[in-house]
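Labels run A, B and C following the written order; every chain starts at residue 1.
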Amino acid sequence: MTVFTGNHVLSVAQFDRGAIEKVFMVADSMLPYALRKKRTQVLEGAILGNLFFEPSTRTRVSFGTAFNLLGGEVRETTGMSNSALAKGESLYDTARVLSGYSDIIAMRHPQAGSVAEFAEGSRVPVINGGDGANEHPTQALLDLYTIEKERKSHGEGIDGLNIAMIGDLKYGRTVHSLSKLLCLYKNIHFTLISPHELSMPAYICDMITNAGHKLTITEQLEGSFDADICYQTRIQEERFPSQDEANKFRGKFRLNQEIYTKHFQSKTVIMHPLPRDSRVEANELDNDLNLNPNLAIFRQTDNGVLVRMALFALTLGVEDKVSDFDRPVHWYSNKGQS
Amino acid sequence: MTVFTGNHVLSVAQFDRGAIEKVFMVADSMLPYALRKKRTQVLEGAILGNLFFEPSTRTRVSFGTAFNLLGGEVRETTGMSNSALAKGESLYDTARVLSGYSDIIAMRHPQAGSVAEFAEGSRVPVINGGDGANEHPTQALLDLYTIEKERKSHGEGIDGLNIAMIGDLKYGRTVHSLSKLLCLYKNIHFTLISPHELSMPAYICDMITNAGHKLTITEQLEGSFDADICYQTRIQEERFPSQDEANKFRGKFRLNQEIYTKHFQSKTVIMHPLPRDSRVEANELDNDLNLNPNLAIFRQTDNGVLVRMALFALTLGVEDKVSDFDRPVHWYSNKGQS
Amino acid sequence: MTVFTGNHVLSVAQFDRGAIEKVFMVADSMLPYALRKKRTQVLEGAILGNLFFEPSTRTRVSFGTAFNLLGGEVRETTGMSNSALAKGESLYDTARVLSGYSDIIAMRHPQAGSVAEFAEGSRVPVINGGDGANEHPTQALLDLYTIEKERKSHGEGIDGLNIAMIGDLKYGRTVHSLSKLLCLYKNIHFTLISPHELSMPAYICDMITNAGHKLTITEQLEGSFDADICYQTRIQEERFPSQDEANKFRGKFRLNQEIYTKHFQSKTVIMHPLPRDSRVEANELDNDLNLNPNLAIFRQTDNGVLVRMALFALTLGVEDKVSDFDRPVHWYSNKGQS
């Protein structure tokens, strides 16, 4: 499967470095629209079917907003309890029917492989918004895009990156997909920091070393101190075999401003797929980091809108026409980017 | 109650043959818009209140999409658990309030008669999207429209049709409404195939014979073999007085490609109101029929969008202005019809 | 905190008399758009984030419709059970993220103070759509706007008003906020009618008397007979310490046409924040009042759309540009106002 006009976006495996660079170039061109310096009606009249059979406010609204920012309309479905799927309808039937109601579909579903199965029955392009433990390619792309922008602000590219990934690397879908994408680049140093019980799957470690990258594995937060990017994830204690095991690691990977100031390089960028847990006993990224300019977690979600706009534009073949439909912005806007 | 500009669409009983032909003519004119050969902004700025007090993804999105395809906006409500209705508000009050928020309303509600009661309080036209066991007129119209299009492709009209209705004819709202509409035509041969416990209500059988149509009643699938249209419905086993009774009929009305090839005329069209149940033990229309070009089930849902567009256009009095607001389609589209 | 362009609308305390008069003047100018005599696209392409973490069909749809009537798009979220907030995310994080997805936000949340806390993290203006027991400023403004319009039809202003407030004055957020706004005017006579257990909080009574208004407190419906405005609210029996206490007051504040005809001035206007309870045993405003032209309860909800349009226009700084983007209305419309 190739990428772009008329095709589905189901997996990070579809993307080679050239395709990624194309997405990022288009995403860059979307920034003035997201910041309301400009406005476009290029997709006026087009309809996005935003099908979230598993609820996810953030991802759902990000897709919907991205489509609105291009001038299109959104028809939305949330949850599955009352759907035909719950009455025994196949994903194929659901796809044949619902693809008659829109020009493009963004879909999330709790079951691994479901979005690809749906896509086979669909008559319009489908973008995977997360299919259970399997894939969430737009999250991986927005993470990589954030890394690229943060590096660019230091005059550097993704090649040569030193990245630490911290927390639950076993079940964390985002770090798996991000690792796969990073393997398309050169000379990456991966430092994987997690309790042994939650370590990165062997096939990803193999992929990293086979691609010639440097791999360090540790259970100590200290491994992240000289990283360019520190990608933090949440650890759910129920993942451990026992509470005793969980207790051993509670708070061990927690970052706050004191640790950052004392140990990290001043340019280390902190990322997280969100939501972070703000409860005192669980907080993996302390709120006292909110004023740290290298906390990129809200730039990630802002970038998500740009990446999704880019994927919509590319998939519907309008990436070169966007500015032909520019319209003035009449209303007050001063939001800036995070 | 008459039909069209400014009036409610509550029941198939409102429609005479002339009104139906008008709806179908307008629905035909909507096809290029649904297929994205053309785009219209005729309802730009108009607001549909899409009130689904009983969830139904398919019907809800079909109404919403139909309104978007005419250029309008959709404000949606799904479910009833947190609504004012649940706090003891009358349908009259709900209607007085919510009709202040839109130009037209599509409404589904689990209680028979509720949509008509709501319509009495509404200050804008209301289209019945299903009121419990009572009516679902847009489904009946899309079914009849599908029959008309399938017949037309063979150079025939609805008059003279030979239709078999199969499955649960007692509780199946769709076959009741479709039968009423077919009674407006001439020389129909109805073959009604169901377990005795789930047979067509007597008042509908009387309506059929009183209108001079031919009526055959049987418990055998064989009755459908020479039909032009084979309209299949789902049997829910809990409808039977006992599991023993249910077991007697399990699988007896199930259609698959082998039966179709062996017994049916090559032109017999298979319809179903959907969702069909794809679980092996229950499947009333086997998935191996998916490649059969006479399986019209997805053409039905596509036609539903056209019929709903037609009803919106007629009710809001814009059916002759649609093409005055044509705009180019800028994006990739290749979906075709099912 | 001041009001309007670029600022949040969180509390009635932000409004002085001049600001209220500005809102009402802009609301007046919105009437032809709501009645479909005119149509505007002034906010074409703008996005409202309609965040209802606590469901409220009426308020949610009213905000959404108001934004659509100005030409904008709406991205909606309902409920909290599956949200990041439920997973431990802070309101600050939620605000930082979601404010990246829209140009303005309307938000309801069950917890007092939550909307103001959210607003601190938001990069776009936030309008409070109700935060638990705390505030619901757009309801208070639409109530006051309704009073102003009803008075104007008799050639009078708000100064000198004689208003009776009836029912649950202890927990009824709407009567608290309305009282605060009325304190900005002159020579108001407040008659507060409630069971002692559900009487108006002392701080509001003090505010009324300190502002020089006349205050009458009673447990008898008779106190309302010479009022210009009779503002009725619902009493929930579970508010009483015991069912015996509740029984003492059951039906005592119930209004119907017979009581109205016998006791009230012919110009007394009846208001209610809705929903009223139409069940026989509970009905605080009998359905036989529906034909009474002084029943203003549906004018209140219609006015709510105008007030919300005004707040959107003012907050986004387009209040003087609305008619620059007028477009013709192509479709049938005859809804009028309630």
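Following the convention adopted for this analysis, a residue touches a chain if its C-beta (ideal position, glycine included) is under 8 Å from a C-beta of that chain, and two chains touch if they have at least 3 such contacts.
By chain, UniProt protein names: A, B, C = Aspartate carbamoyltransferase.
A quick note: this is a predicted structure, and the numbers were derived from the prediction, not measured.
Engineer: For chain B versus chain C, which are copies of one sequence, does the interface use mostly the same residue numbers on each side, meaning over half shared, or is it different?
Structural biologist: Result for this pair: different.
Engineer: What rotation angle, rounded to the nearest 5 degrees, superposes the C-alpha atoms of chain A onto those of its identical copy chain B?
Structural biologist: Angle of the fitting rotation, chain A to chain B: 120 degrees.
Engineer: Distance between chain B and chain C based on Cα centroids, please, to the nearest Å.
Structural biologist: 40
Engineer: Give the residues of chain A touching no fewer than two other chains, as numbers and ranges.
Structural biologist: Only 73, 76 qualify.
Engineer: Would you mind writing out the residues of chain A in touch with chain C in their complex?
Structural biologist: Residue positions touching the partner: 36, 39, 41, 55-58, 61-62, 64-65, 68-69, 71, 73-74, 76, 274-279, 282, 287, 290, 298, 301-302, 305, 327, 329-338.
Engineer: Under the definition above, what is the set of chain B residues touching chain C in their complex?
Structural biologist: The touching residues are 5-6, 42-47, 49, 73, 75-77, 82-84, 87-90, 92-93, 96-103, 123-124, 315-318, 321, 325.
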